[in-house]
Each structure stands twice: as C-alpha cells, then as structure tokens.
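Several structures are given next for inspection.
Consider the two complexes below, in which chain A is the common component and chain B and chain C are the respective partners.
== the complex of A and B ==
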C-alpha cells in the first residue's frame, strides 16, 4: 500500500496546523543555518552596489541625470534571484528527503502529504520574506549613503515579489513530486527556468535587432517569439512580478492586485497538484 | 571548352542588353485607402493598399479617408508597397461603413470637402482640419481675398503707369503720391479635397466602401485600430547648461532629477506628453513599419505648456519661482569648450536658442520639488518633479554591507557544525 495513502482515511480534510508548524520550523531552521541564503543576499547587494555606482558615475560625469526609482531595478534583480534560489532549494529539499526515504518514514507517522508540503512551502516563503526584508533594510541604508531616493513603491513591489515567490516555490515543489530523484528535479527546474529566460531573452534581443532597422527580415521571427513569450508569461511567475511592477509604476493598483491574486492562485494550484501527485504515486523511493 | 572561350561567353553575357536592364517593379491596379491622419501634432498622409490591411488612427480626433484606384508596386529597397499616383490617381465614390466587433454597422459616412488649414494659412505643422461647409466657406473667403488683392494691385499698377506716362513724374514722385505698392499676398490655401471624415472612440473596427449601386467595393475592407494613450503626463526636457545640446527627458513625476555636487543651473522645458504603444504609434505615421514592437511603450512629447510658471519648494516652503524666458547660448572659448547660457538680448545675439525655465541648483537644499502652476494658481497635475543632489560616489561603508550577511551566515554555519559534532560525540559516548 502506498505510504501516503495509509493514514489518510478517517482524517479530517483540513491540515493539522500543529504538524505544519513543526515541519515549517524544522525546514526554516535548516535554511537559516545554511550559508547559501546569505550568499544569495550578498550577491543581490553586490548587484545593487554596482547599479548604484554606475548611476552615481553618470550623474557626476553629466552633472545631472533623470533616473526612474534607482532602487527598483536592484530590488527586482534581488527578488528574482532570491525567488529562483528559494524555489530551487525547496524543490531539491523535497526531492532529497524523498530520495533518502525520509518521507516514507514521516508518512508512517501522523504526517500527511499536504501538511508536509505546506510546511515546506511556508518555511521557504518565510525565509524569502526575511531575505527580502534584510535587502530592503540595506537599501534604506544605501539610500542614505548615496542620496538616491527610496520610493514607497518598493513596498508593493516587495509584496508582489512575495506572492510571485509563493507561486515559484509551489512550482518547484510540484516539479519535485513529478520526479523521483534530485537529478531529475534539478533538470526539470533548470530546464523550465532556462527555457523561459531563453524565450524572453530572444524576444528582447530580436526586438532590439529589428528596431535598429538592420534586420527587418527578422520581423516575422520576432513576432513569433513575441507571441511565444506572451504564452510563457502566463506560465512564468517571474513574468507576473515584472508585469505587476510595471503596473505599480503606472499606479494601476487593480492590475497589481490582479497579479498578486494570480500568483497566489498559481502557487496554491501547484501545491494542491503536488499533494495529489504524492497521494497518487506514493512516496516510496 | 577552353578557358578562353569560357571567359568570352561570360563577357558576352555580362554585356548583353538584358543584363544591363534595371529591374522595373511590377505595378498593378489596386483599390487603396489614403488617410490624412492626425498624429497629435500634425496631419500625416498614410497609404493602405490591400497588402497593408490595417490603418491606425488616433481616437477622438477627426481624420480624412480618401479611397482611390492607383498603381501599386513593391519597392524592395525600402521593403514596402508604394503608390504610383503620377500614373493613376482615380477617386472612388460611395459610402464608407464602419463596423464594430460584431460586424454591425455603427457609422455611415458620405464624402465631404475638406481643407487642412494653418492659423496663418501657411502650410506648417500646426495645421487644423476643416470639413464640409466650413472648408468651402473658408476657401471662398480666401479666393475672394486673393482676387481683391489682385484687383488692388492691378489698380495700383494702372495708376502708376498713368503717373509715369509722358515722363512727367519720376518713379519716386509717383510712389510718393500713390503710396507703397500693396505688400505681396503670402497667404496660401489649397482648394478643398473630397474625403470621408472619421472620428472614433478607442477600439478595433472594420471598414469598407459601398458604391452607389449598393455593392461593397472590391478590396475595400480594412481593419481600423483607433488608439488612445495609456497615460498623459507633463514631460520636462531637462537641459544642463554645460550640455544644452543633449537634453534629458523626465516624462513622469516618478522620474527624479539627480544633479551632482558640481551641478550647475538647469533649464526645464515642460510639455504635455502621452504614452503610446510603440507599434500603434508607429502605425499612425507609417503603417508598413515592421521595426517597432507591440511590447514596448513610448512617451510622445506634445505641445508645450504655456501660461504657467514653476514654483520651487523645499521643506514645505516656497523658496523660489521661475518664469519661461528666452536664452542665447554661447560657446566658451579655449580648449575646455562648453557652453554658457545667457538671457536673450536682441542687441547682442541674433537668435533665441532656448526658451525654458531657469532653475538654479540650490546650495545646501536637497531634495527640493518643482511644481508647474497655472496663472490662476492651480497646480498642473503630473507637473511635479523632485530634484536631488546625488552623492559623489559610493562611500566605503556601503561595501561593509556586503560582508555583514556573509558574517552572519558563516557564524550560524560554524555553530551548526559544532552542535552536530557535539551531538555525535555524545551519541558515541553513550554507545549509540
């Protein structure tokens, strides 16, 4: 009998929040104590410092420049880097514990798939929120040091980033349940990320090339990739963040709300699908 | 075949009359739509053959459509279809039908006379469109004025001839008696054309032409995309004194103007600007343009904002005011080059180089804000800007931030390893 199914019968449909909290705390403790989260934060800060230094150099060489919210691009960079890292760690963590047989052991106890996956999901999201909060505090300090204005717009964009990460973690966990090995999970996750990035980069590059008037014969290819990119935008939670940021900048708050709701729905759907997948296939190695 | 024979054949082929002929494009008779479309600042003529089935128009503005039969050819150098109006330019009459998304006819438009007229009747960009009786009346008034002028000139010339006849008076005496010849008539107005006036709300529509017999004219169906701006704002051209030829643009209030510690005076030129989809806006001007992208947006700088002044605010108090003035720019002598902007003085400089608001970099005050205020004291929405003096560089303390998360991570990691080692040692001691 499948391990995950054995203890499902006779249990209420709502998750046991005590178990969720225990798994959440344990996963969070592991994340906080691992150096990778701090390395990611440092990488985000390095990128921010490079961007600010570049902006300052432009101001000082031109005597003036017009900048649009100098901290938004670094925040987006950090948010995307952080969310990709956290989602990858979440998926690998589930795949690793499954491969080691820990899930099998856990599920013979009072733990069910949804409590386990929800605990993992929330732990990684909490770690991300902490990382983003630390980054925003660093931005506050950098704003004071460089005199670059820190816009209140960073807060809704930060909120969007959290919703986006909720979706991406959900996707990562779903991928971990679709494969049985760490290698398979890593391959699936990286293929998805690189595929999305590749299509988006191709769209940006082709648009730039065709706009420069030199290669108008590539216009059909550009339009095809643009159409593909539009489809990918629905599949990629990172696109929700970028489009939601654009909406926030324009002050279109209903659009921002829509992207938050879409990201939360995306993450929840992935979570439910992951639970169903585990219940269907079991957790045996 | 010997090598010599081969070379001879190649030379003969190269010199043959066929090879010397240039490729003349194949032209074919086609129904096309011409449109005189308002682009926000001026009227632009666009052409839509069957191969270019979409016409872009600005929503809420009146445009003129002119259906024609002409010869169309593809010009590979420009990669676009072109009309040969010189060979064939035949008007096509009928009724224009505009259809909504559900293919229902929402407008039926008949042909009317129209004129593109500028305020001083000179063909310049600030033109306006007059349709129907307004166009006809204007042209009649223009013709009457022109004829009156010619009569006046003819009468003057006749009187002058009479005065000069017989050598009784010199040219100077005659001119002194008759006065100066009427000044040249410089007004110009083209005769009204015939076209279909069209004004649409934003959206996508269908369009076709129905002839007098009630039949849809072949190849007359087109898609009309009536575009509207996504946002409207006040755009500032930000002109630093030292680089006045390279202005920067601050298109919306969230774009902060940063100046350096050595920053000099700024010159600001506000204008109403609108944000359009790049492809839609390019379609207004050039429907066959394939270089633009539908995923990009662009600000289009419109008419200058007049009858306003700029108020400078710092720490909640008004600290200054700037008015629009004319300036001349002089190039600084010496190897360093650079420019100096000085108030325009007709006696010193022949021309106005710059009309803008002068905003000095306030010493010791940062940030400060600018507000665009009308003569009645109301603030122009979207006209606010923040000016901030940026730091000289990234201070060394900022780099300390990079070490902080690494230190925390390393400490926790080392602690974790120690705890694990201690636990394993305890388990080993207990014999487990």
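== the complex of A and C ==
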C-alpha cells in the first residue's frame, strides 16, 4: 500500500500570526540578552568616531567651511556591518536550534516551517532596526557636538539598509536550511561573503592594471571578472545598498525605490525557498 | 477525501497505523506495522535498540514520511489537520531545551504556543507536582538529566493532551521521579487519555501498561495485555525451593511427579519448572518430606515481561537465521 497522505506540513496556507509573534519574541529576547549585538553597535560607533575625527582634521587643515555629507560613509559602514552580523546570527540561530533538536520539539506541536522561519526573520530584522535607530540617535548627538550637519539622506539610506538586511537575513536563513549543522552554515555564509568581496576586489584591481597596460590575456580576464561582478551585484544584497545609496546621493529616487523593491523580493524569495527546503528535508537533526 | 471513512467500522482509536513501513536506503526500518491504541489505555511499545520505535514515533507525529502505509491520529490523517497535533503531548528521548530559558520561561513559552488558558497557573502546578518549583527560576540547561526529563514531561502535559507519546520517559530519573511519572501517567489514564510509551525499561512498562506491542527489526512480533504476553511466552511457573540440607536423589524423585518438567539443583536450592496452571507446591513439599528433606522456603515465580521479551526477540533472531547456520 502506498502512503496515502501528504506529509508536507504546510497547512493552513496563511501563517498563524500568534505563533509567528511568539517565535519572534523568543528570538528577539535571545538577541537582546546576547552581548554580540552591543559589541557590533560599539564597533560601528567607534568607526564613526574615527571617521568624524578624520573629517574634523580635514576641516581644520584645509580651512573648509563645508564638508559633503560627513555621516553617510559611517552610516553605510554601520549598515553593512550590522547587516552582515545580523544575517550571520539569524542563520546560526536556525542551525543551532536544529542541531540542538529544538526544532523537533517545536514541530511536535502547532509550529510549522513558515511560522518558525518568519518569526526568526522578523525578530532579526527588528533587532537590526533597533541597532540602526540607536546608531542614528548617536549620530544626532555627534552632530550636535561637532556641528556637522545631519543629512536628510540618512533616513532614505537607513530605509534602504533595512530592506537590504531583510534580503540578507533571508539569504542567511536559506543557507541554514541548506545545511544541517552550525559549522556547515558558517562555512557557507563566509564563503558567500568572501566570494563576493573577492570577485569585486579582483574586478577593481584588474580594471586598474588593464587600463594602464594593454595585456590581451589580462583584458580577457578583466572582462570575465567584470561580467561575474555584475552577476554577483544581483546576488549580493549588500550591492543593492551600495548602488541604492549612490542613487540616493544622485537624487534618483525611482532607482532607490527599485532597489528597495528588489531587496524585498529577494528576501521574500529566500524565505519561501527556506520554508520549502525545511518542509522537504524535515526538521530532524 | 474523507479521513473518517473507517471510523464507523472500528471502535474509536487514538492511534491507528495500517501497513506502516519505512525504508532507509533499501533497509526496512519499520515493516508493515499495524497499531491500534485506544482512548484511556497505556500502550507499551517495546523493542530493543534499533527496533524502529523512534522512527515509528516520528512518523506518527508527521516528522518523517512513511515509505508506505497510513497513519491516523484521532481518526485524522497526520499532516492534514494541524489542530490534530495540538491534541498530542510528546516527550522525546532527549530533553531538548533552550539554553537561555529558565524552567518557568520554557513552560510559559510552550503554554502560549499551545494557547493554554491560565498558562502561569498550569505551569506552576506542574512544576510543583514534579518537585521542580524550587528550581523554576534556574536556567534549564543547568538542570540534571532527570530534572530536564521531568521538565519535558511538564511541557508535554501543559495543554492537557488527549494522547501522550513518550519516548524513553524514565531515562535518567531517580526512583522518586519514576514514581511521580508513573502516578501522573495513571492519572492521564483515569482521565480517559491515551498514553503511548516507547521504552526498553520493561519493568516500568510492565507496572503500568494495559497492553504492549513488541517490535523487533521493525516488525510487530506480538501485541496483547502484559499478562497474556507473559503467559504465552514463558514456559510456565518456576518453583524455587530452599532446603535445610541437600538430599541425595531428590531431583530424580521429583522429576517422576506428573506436571514437573525439569529440576535443577544449586547447593541447597532447587529450581523446579512446572507446566502452565500447575500448583504442585503441596505435592512437592510432601515428596521432599518423604525423601527426608526439610523445606525452609518455597516461592512460585512467573516469568517477567523482560524474560518474555528476551524469549520473543531471541526466538525471532533464531528464526531469521538461514538454516544450517549455528
């Protein structure tokens, strides 16, 4: 006799928001209790202080009265650092709970893959928003202390960073469902980040060399790496943030909107794929 | 498709599996398992390590897909109705706990997941009942293995499930904890709830189970009441007789008595194997006295579930061996 039932525990089609909220609260509480989030925020603020000190030196040494957007670079740095950190924590959290067997205990009852992963996703996004808000508050204080003007661009760039992080958390969670272990998840995540950075660095270096000297083989390599870099720009949510920021500085708001929509679509797609993957493989260790 | 199509043809069951089979890389882990667990009964699901007990439980809970066969919980196919799983409480072999939660936080989290009304009161009552109340604000990861097991049981009972599925529930418990768990399971039975215990600690199952199923190599070898399993698998009653002093030729004399199958001697002690339903104590005492012996102790002993289990599983192993092999 063939198995007469579907074992994909995917019903009802709408997530149970009560369970999503509980998973979200539990994950958020774990994040707030962890020191790593405060360490990341502190690192971001230290970086900002160094950047502002350099800006003040430039102002003093060059007798400048106007400095273009001194807070945008620190915000971008903090947004990227926080984004990568929170996505890594999200993926490790899912992998850790699976490895510990906690997913098994949750799934004995009313929790389903979509509720669990959505709860995790939203918890980490909320933590990121909190971290970014704390950073912007610190920027406000530093602006008052240094008399550097706060740009109105900070808010749309912050929004773009949140959309970007939504995508990156989705990607991290998808990676956690692709492997069954913390080690595997960490390896996959770091490989992705280093791969993206490596390709981009190679593209920048090769462009510099080949533009000054015309080696044919290097030119071919440059073209290949450039094409790869374009593809990676679509695969890497961090690229959306950098390109969206560039568009915001240029005042191209439709382009900014496009990057926000693309990041949200990216994150949602990763979330759906992660749910399907978890339903397919099951939650067992 | 109606999932209740067979409900009218059979008495109500809490768990029903028909031809449940699981294959792992061509190896049959669970083989055509037919189970029926009724409301208000404690069912002992017994088997040696690797018999397929945990795999069966995981399939019952929809965490694993069977290769073939069907599973119904409360007359519903597993996986079709998420509300069905809210009626089940589960204690797994290992108590999986959150690192950063205290015992009370852990219970409240699960109580809210199951939408338990008066979550705090229910959690406090269960912690009190299982002697965990003094430790309720300690991190669960710091608990001993036995305390973690009790906390898992409290979690499983929070939402007053109609079916409790327990995988090795007394592993790591001290004798007092075992008694507490036993009492709580008996309460569940009195409340009309079904309890499905998978274990290889047979002495405990023997005390509380109404029926047992013995599974080996994924196959259900026997399913009956504890008493029936014992009597069907044990060769009979054994009389243990202690003598003041050894009597030469006594074994020969006793073996001539009808109903006695075998007599073995170990110093001043005799072990006399009787057939079923034979009470030959008076006859044996008389024969010993006639031979000049003095009985200082006599005890009739029936085989335990453990012995029946060993007889059955070893016998099954023998039957699996190809002929000609030692």
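Everything that follows uses one rule, which is that the second predicted complex is superposed on the first by the 252 of 285 C-alpha atoms of A that agree within 3 Å, B and C clash if a C-alpha of one lies under 4 Å from a C-alpha of the other, contacts with A are read in each partner's own complex, and residues count from 1 in each chain.
Rule of thumb we're sticking to: a residue touches a chain if its C-beta (ideal position, glycine included) is under 8 Å from a C-beta of that chain, and two chains touch if they have at least 3 such contacts.
Note that this is a predicted model, so its numbers are computed, not measured.
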For this session: Look at A:226 in the shared chain and tell me whether it touches chain B only, chain C only, both, or neither; answer first, second, both or neither.
Result: first
Partner touching more residues of chain A, chain B vs chain C, is chain B
Which partner does A:142 reach: the first (chain B), the second (chain C), both, or neither?
first
After lining up the shared chain so the two structures overlap, which partner does A:46 touch, if you call chain B first and chain C second: first, second, both or neither?
first
Practice prompt. Examine A:33 and indicate which partner it touches, taking first as chain B and second as chain C; both and neither are also allowed.
Written response: both
Query raised in the report: A:282 contacts which: chain B (first), chain C (second), both, neither?
Result: second
Message: One more residue to check, A:110. First (chain B), second (chain C), both or neither?
response: second
Checklist entry - Who does A:191 touch here: chain B (first), chain C (second), both, or neither? => result neither
Item to complete: Based on the superposed arrangement, let me know which partner A:249 touches: chain B (first), chain C (second), both, or neither?
Response: first
For A:19, using the defined touch cut-off, is the partner it touches chain B, chain C, both, or neither? Pick first, second, both or neither.
second
Both partners, chain B and chain C, contact chain A at residues 33
In their shared complex, chain A is touched by residues of chain B numbered 79, 230-231, 238, 240, 242-243, 248-250, 252, 254-264, 266, 290-296, 366-367, 386, 388-395, 397-399, 401-402, 405-406, 408-410, 412-413, 415-416
Given the complex, residues on chain A that touch chain B span 32-35, 37-39, 41-42, 45-46, 49, 52-53, 55-57, 59-60, 62-69, 134, 138, 141-142, 145-149, 151, 153, 203, 207, 210-213, 216, 219, 222, 226, 229, 249-250
Given the complex, residues on chain C that touch chain A span 18-19, 58, 61-71, 77-82, 85-86, 88, 90, 92, 94, 96-100, 109-110, 112-115, 155
Counting only contacts in the complex, chain A reaches chain C at residues 1-9, 11-12, 18-19, 22, 26, 29-30, 33, 100-102, 104-112, 282-284
